[in-house]
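Chain lettering (A, B, C, D, E and F) follows the sequence in which the chains are written, and residue indices restart at 1 in each chain.
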Amino acid sequence: MKRIAFFPGSFDPFTKGHADIVERGLNLFDEIIIGIGTNTTKKRYFPLDLMTKLIKGAFKDDGRVQVVHYNDLTAKVAREHGANFLLRGLRNTTDFEYENTISQVNRQIVNGLETIFLITSPDLAPISSTIVRELHSFGQDVSQYLPFQLDKPEN
Amino acid sequence: MKRIAFFPGSFDPFTKGHADIVERGLNLFDEIIIGIGTNTTKKRYFPLDLMTKLIKGAFKDDGRVQVVHYNDLTAKVAREHGANFLLRGLRNTTDFEYENTISQVNRQIVNGLETIFLITSPDLAPISSTIVRELHSFGQDVSQYLPFQLDKPEN
Amino acid sequence: MKRIAFFPGSFDPFTKGHADIVERGLNLFDEIIIGIGTNTTKKRYFPLDLMTKLIKGAFKDDGRVQVVHYNDLTAKVAREHGANFLLRGLRNTTDFEYENTISQVNRQIVNGLETIFLITSPDLAPISSTIVRELHSFGQDVSQYLPFQLDKPEN
Amino acid sequence: MKRIAFFPGSFDPFTKGHADIVERGLNLFDEIIIGIGTNTTKKRYFPLDLMTKLIKGAFKDDGRVQVVHYNDLTAKVAREHGANFLLRGLRNTTDFEYENTISQVNRQIVNGLETIFLITSPDLAPISSTIVRELHSFGQDVSQYLPFQLDKPEN
Amino acid sequence: MKRIAFFPGSFDPFTKGHADIVERGLNLFDEIIIGIGTNTTKKRYFPLDLMTKLIKGAFKDDGRVQVVHYNDLTAKVAREHGANFLLRGLRNTTDFEYENTISQVNRQIVNGLETIFLITSPDLAPISSTIVRELHSFGQDVSQYLPFQLDKPEN
Amino acid sequence: MKRIAFFPGSFDPFTKGHADIVERGLNLFDEIIIGIGTNTTKKRYFPLDLMTKLIKGAFKDDGRVQVVHYNDLTAKVAREHGANFLLRGLRNTTDFEYENTISQVNRQIVNGLETIFLITSPDLAPISSTIVRELHSFGQDVSQYLPFQLDKPEN
């Protein structure tokens, strides 16, 4: 059986921390589907189309990585895409407490859907999408935190 | 490439929580090697031979599970047994902080040796080997915490 | 002196985790008042009237449980209802840090108002009102998380 | 039914933090039994007889408080003394993770034995028996941390 | 070289916990600049002008303390004011995880900008600006939590 | 007034993580005294004389760093050496909870002795003396974790 993982997130933006999890996950999974959750009530900072294009570009040479959008329950969408695993990164204890809760519920919603965790590489652990957005909004160059080139905002 | 995981621990005793991680891990790995670390300076409560026999018995119908002993660095032993992954369960934030540290060092010792984490099922999370030993030492029946039958201690 | 506990929350919705705390709390307290905090600036997902009716229904056979609404400081309202204790459940360390803070302040506001904590049963710990709302909003059946029957949303 | 709580610990020594929990617990319970666990394999710093006498002295005017010794499973001993509750203080997240585990197991060993938690008053939270022992061993006056007078060690 | 620390926050309101950090920080730093971050998208509860006046008043006798406003990246503003350190208080593990992340990023943005941490005095740790705002909004006297006199809200 | 910090630890061994704290601390303090606590009841892995020589060697070009031994209360020793601050690194929440407790007590023992915290650089956070000892005991080269050259153990 093929091992397919669904890697969910809002990825606003997708950071080097996220890329680290995908790359390390490819040692374990035959295929990884990056699922960009689009919550209609929460406005994105980076446009969905731009982010999708950038993530696709970052993995364009690796046929094992796909990028999709979704606006439904993560567990259901993962199953619909044929994934038998969820993949998540853990940076710290706050992440752990949150993921602990979510992963148990996901196993109940889709029977046996297992979440596999990697711990984020320590030098990348301080990077969060929230911080990158804040840096970017003040005109800071954020390219060191991203796995692709983003045009610097104009002030 | 075959995905082989090394599941290290002192397993004094091996609990239902450990069995839960192995069973769920078998969805992900082709083979799991349960490695009982034998630290010569730390006296075991349950004899090594007994525990080995009991664990082997619990998985005797599944050719994908092996049981070994070791007294060396976990990462080196895992590599020597052909494992390309370590498998660990996370019960709570105390576990997380400990595993965070260890897993980074293991990646450095054996380049690229990745630790894969599952979160322990909530109803099994309160079980620790330490507690089982204490219960057993006071003559308490601990069979509800173990995946095999253990003779009740005589008082 | 009668021991009366005030069990505050937004209960949007009231889950099996909340019911677990109330039921276990009834071994300790003579009376428990479930206080639904209604914050005028925060829109509820489940209507207040519906939730009140459902909670009352769940405890209709136990004269020791009351359900009230309030829009004021929890400690003051507890005192006004004659409660000498607050009752709270703890699921994880994130809950602990939050409750630690709140409980100290409540003791200062109403001199000696003590908060009593129970740790949520492990199989119920992953359930949060936030997750139940999300599941429900995507048309998922959430009855396994609730101590009463809720009509399934129509898609 | 009388509400009787068992307050277990090694109390080596019993600190102002412990006294705080007992005193606040007396608002909730009709009776509190302070149980000094005596683990034969762990050598005490403060002699058991001395500590017992000092604790008894601290509560000699309150007939609701008893002091006992035990060397068995806490849950069983609590039940044997007629206690229907365990009482514990929580100082921080490390305490929480530990107590979370223990309390679930105690409910299983003695069906329905409930652990009730109070959060230690913030000014007393930094006091641990371990620190008091260390201070005392270096000849430091520790009376500010204890609810009774202890003779200062001679240097 | 003069040691100048920038103490950033939204200070809505500035509490005794904040004042504790500034006062203790003055043993270490030659000068402390209290920086009130003004985020245009987040509405303040206490007006910026009022809070600025109150904080200035609290430190009016100490020429080493300045108060400024800013709406930019904290690290950049700190540097522009000549600060070579950021100063932050830690109340609990939730604070720690957040500050851990932010401080690493601040060192990257402004090369070598070091964040210095003090742990909040335990009796002040339960005070948060969020709680003070909530108490105040319900007409509660909050003067015990603030280092200055605030007019009591009218009900 | 000169700012002198005492940096206490057992340093068995002194790691790159410790060196990171000292080096960053030198931006803040005029002088740092590295205090190697020698607890007579706890056997060292690396001999005290060797470790002292190695640490001194690592800082031999910086007159602001001293190395001393002590076997007494940290706070008292710090004061005796003229230090007005303790310096400590924080790696994770487990460290935080421990240091929170200790630092409050140290302020009480020596009135006003303040502990200043730096957060360990993320790439060095996984390094602990315990892990280095274990690696070394199994014949692993640990030079990447130490700020000085240590002869490799012979097997």
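One rule holds for everything that comes next: contacts are C-beta pairs under 8 Å (C-beta built on N, C-alpha and C of every residue); 3 or more make two chains touch, one makes a residue touch a chain.
What you are looking at is a predicted structure, and each value in this text was computed from that prediction instead of being measured.
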Seminar exercise, completed: Contacts shared by chain C with chain F include exactly A, B, D, E
For this session: Return the chain whose centre of C-alpha atoms lies at maximal distance from the corresponding centre of chain C.
Result: F
Exercise. From chain D, which chain is the farthest off, judged by mean CA positions?
Worked result: A
Problem set entry | For chain D placed onto chain E, the superposition rotation in degrees, Cα atoms, nearest 5 | 180
Exercise. Taking all residue numbers at the chain C to chain E contact, is the shared part over half or under half, that is, same or different?
Worked result: different
Exercise. Pick from D-E, B-D or E-F: which interface has over half of its contact pairs in common with A-C?
Worked result: B-D
For this session: Would you mind pulling out the distance in Å between where the CA atoms of chain A average out and where those of chain E do?
Result: 34
For this session: Take the average of all CA coordinates in chain A, do the same for chain F, and state the distance between these two points in whole angstrom.
Result: 38
For this session: Take the average of all CA coordinates in chain B, do the same for chain E, and state the distance between these two points in whole angstrom.
Result: 47
Problem set entry | Sites on chain A at which at least two other chains make contact | 92-94, 97, 100, 104, 122, 125-126
Exercise. Which chains are in touch, pair by pair?
Worked result: A-B, A-C, A-E, A-F, B-C, B-D, B-F, C-D, C-E, D-E, D-F, E-F
For this session: Could you pull out which chain D residues touch chain F in their complex?
Result: 92-94, 125-128, 131, 134-135, 138, 140, 144
Problem set entry | Parts of chain C lying in touch with chain E, wherever the complex brings them together | 72-73, 76, 93-94, 97-98, 100-102, 104-105, 108-109
Exercise. Can you list the residues on chain B that touch chain A in the complex?
Worked result: 3, 24, 27-28, 84-85, 90, 93, 96-97, 99-100, 103-104, 112, 114-119, 121-122
Seminar exercise, completed: Per the touch rule above, chain D residues touching chain E in the complex are 92-93, 122-123, 125-126
